[in-house]
């Protein structure tokens, strides 16, 4: 039994907490939040021990009628592994606190690569991370890229990769984020940081460019990969990947919103799409170049990766065992 | 046991079918769809007998590998009550077919008042509809207005009502609908049709004005009601209404997107908000006028009303029994 | 000749500077900006003496190849009146600097009422402001309300006013502002500050409620006013107001975007709509209550008011002279 | 003097009419519209003879108080060249009418290639179109691609081109078009039609993929071009192109909305950006591959091309003369 704490209970943290709570070999010892709100109330309703992330603001929870089990330090006392799901940059500030409490740590992609011993992706480098003191689960977009590129490289070898990332401006409930009516090449200098981020995990020649657009549901990638594989071979490889799912022609699904609708219809919690959603009709190979479109659900694709990351650093399972267990419990 | 069929399996139809399937005294004998897609596949996965709504297009289902149980006529043979959830205007075209098959019918708010014997709202006029051959569940916005106005009238009496409706441009997956970046007073002539629609069910002096804006999640109403009731009395009345829910200050929820996030966190199917969501902090009474803001989830607030409408016209329960049963099964 | 400086050269500042530059009796002695960008370059191209608003950042202009005429203090030395168009709250910080340089000041609606001797609207209280040391031009929304309410009160008398303001989330180029897909009752507590802001200029019984939506082009108001006037009388009154313009049925204009398109077609600089745009078809009177929809171009409706405010505090013209001159030069 | 008529007076038609009216060697004999609205009124205010495009609806203009000069047939009697700016597909229906009236025709990119003798782009194939009976100005996106690819091919030679097009969902005032909150790979099958459309004018190995997003202002392209040219050489080539403009680092412009703001500040009619707007900071060359971002103003980039197309088919100027004249009159 691995005792797991989740520090930072927002978009990623609440999903990861739910996933951890479903695992046989893990015990969710607590989640920590900075402020009381509907999410804090819901954590309590789900039976998660709730800790105040900021000691000075602990009273706010009592004022809001929400019981806490203590403050973050106490939570860390009870944990062997902490999953940090704080906003970008806060994880790095928390790192020494985790060291002080002698807990292993899983960070998120909003942190710099240097925050942890290794960057992590279940498909690409699980083995390298076994037993590490800390790992960083790469970002939603990087995770999405690796899930396709790693198996293609493994099965067929790939050459140059060019990817254009059309990114959502903010998550659905982040009403403070824009743009409202605009398209931003982002960053304007090429390449974007996603290519280098892929290379923290996998050796590949990749250039990425990115956009930010006024949508909240998912990112979408236009991928171009030099490979000798045929269309059929590419599809066969990707069909074997449990975290890549094809959007089928008969689904008649032409957008990210329809994918989310389909997930909700399927009864997925929060309508999450944990897998890369690859349009089968988009997969095409011409003159040694593969093209495809995939939609990436930024709020949830890293969730199974976080669970696997815990097993990797806790050393409680090898990759195949872990991925299988994670997938089964989530329903992938 | 009432045998119920759902004709038109889209945004409203699929939710109503799920709700019917949960009722003790109802049997969902089938759902009818015009074209195969992910929703058709999901209906089959949920175990609902699927019928082709358009005979000529029945083959498309087979081509897409989806088994059907026949065509809509056969479905109607098996039903005592049909819930029509076809696009606006199609219900009226279907009416004679329902007559021919001698099934009672529940229509939706996209149809004219004249389509059915009576317009229906569980709170306001359930009793009037018992035993009718057909009813029309009023639209999402009208339902939202009635749920607040009827109890206030009943408990305290109300005078003039003025409501401004800020309406979503389209449902989340309707990517063909706009506007993208615009605000439309809609209709430009005042009043909008919502006031008259309220009066098909309840006698009240009401003027409504409406807007269309580039958002997909919920409508929001700004309500102004002349009444002698105090703030405390208004709140007491609304707290007693099972289909009115308060957004609490401690929820720290300031938008429709945060309401939807809260619903998803609570595990509601499809993140549905069946109740009117009234911001408690917005309720204020000054000089005999009540003001409040409420958010209305267009995709789901009429769902419990449809279930109650079936019981009303089938004559299988009185209002309180029906509302209680519907609420319990859905989890309201 | 009044020497006028504009401090803060953004959305409002650049428009006001252009308007001042067009006036016979005014000399635009300079505009001040914090940072060099395309707007700074354009100020220079228009022949406006450009000053660095922040001494420490003056070098940035040189680095960007943009010539400045000095820093803000030097600009104020040359001015009799400064128009402060800095972001909300910065104006208040600047007030003592204006005092020190002994220049009269016009502030914007983002500041508190207390920033200036009086709040200002040309239609409603020009006379009260003549000779003042400082005034605050009320916000875009408040200006829009006053332009309709003041003449109606003057000509016919009005009772209770209820207004719902559907506000744009950000200006067109503010890509950092949201929401992307949401509707916010804003503020949630009722009333919004717009009613009280109206009362800083005019004595009237008014309650306002507000929304924020994902649109950038204009605000739209749904107005309800108790009055004895008939529809024809209301229209006659408003037709006499030079800064109220009717959107005509034959224009076939049903949205804010179409109004902006019409302004661009008419060759208005930046497509500005300086006037309240009232849909004629929306004007209706029933049982002593007037209803109407008006669109308010947040970026420009206060521009003519700023010009008039200069004349008022400089004491160089009475209201009618000023309004006529401003309108003529702008092309209203 | 070439007598030019514009049939279809919408987004493209009204801009092209304005541009034609500015040319020394052209006479705008009329514009034709289907229905009276603010644009029709504006055409009259600009002094353009206005014709009813649909005979049966001619009365509507009179009813709306708008004088017409006749119907479209009469307009064509007076013209040597007609520019068809009707909605996609309507141009093809009009072709025989133009033949019957023996007028040369310029069609738009919404039509199939087969509608005209040749597809046209001033930079790429002006010479091939001289004296033709009809040409089709390629679409906004294709025009944007050609303006960069043709000079690069001419000066340096290029290899494979890969382009991702992030396309606006609708024009600013098209409030009926979506999506509101979605991203659509569009089409889902790869490649999109833009590559083949480029090849109707220029021989190049190109694959394009496209997206549709909820924005109205401009398209943005992420371009990848195999070439031996250095960054400096690419920039030199593009700086020589009058219809390519660099967005400069000192402009501090990071989005399409800021580009439009810059155009409005510069006093461009309707804020039009006739040129490709290439971010200088985005231009990068690595391992023989050029990358860059460019924004394309869909409403106006084809306007100068239409003017040149008239001169080409009328045979009144060679390419350099025409481009120079068009640029000068517009202010490019």
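By letter and in written order, the chains are A, B, C and D; residue numbering begins at 1 in each of them.
Going forward, a contact is a pair of C-beta atoms (placed from the backbone, for glycine too) under 8 Å apart; a residue touches a chain by one contact, two chains touch by 3 or more.
The chain lineup, named per UniProt: A, B, C, D = Glyceraldehyde-3-phosphate dehydrogenase.
Values in this document were obtained by computation on a predicted structure and should not be read as measured data.
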| message | Applying the touch definition from the top, give me the chains sitting in contact with each of subunit B and subunit D. | response | A, C
| field | Which of A-C and A-B has more C-beta contact pairs | value | A-B
| request: Superimpose the Cα atoms of subunit C on the matching ones in subunit D and note the rotation angle, 0 to 180, in steps of 5 degrees. | output: 180
| message | As a quick test, compute the distance in whole Å between the mean CA positions of subunit A and subunit B. | response | 36
| query | If you average the Cα atoms of subunit A and of subunit C to get two centres, how far apart are those centres in Å? | reply | 46
| said: Using the touch definition from the top, which residues of subunit C touch two or more other chains? | reply: 172-173, 175, 179-182, 184, 214-216, 254-255, 257
| For subunit D, which residues are in contact with subunit A within the complex? | 162, 164, 166, 168, 179, 181-186, 188-191, 207, 209, 211, 213-220, 222, 224, 254-257, 279, 281-282, 284, 286, 289, 291-293, 295
| said: With touch defined as at the start, can you tell me which subunit B residues reach subunit D in the complex? | reply: 169-170, 172-182, 184, 214-216
| task | Report the residues of subunit A in contact with subunit B in the complex, numbered from low to high. | result | 14, 35-39, 41-42, 45, 64-66, 172-173, 175, 180-181, 216, 250-255, 257-258, 260-262, 264-267, 269-271
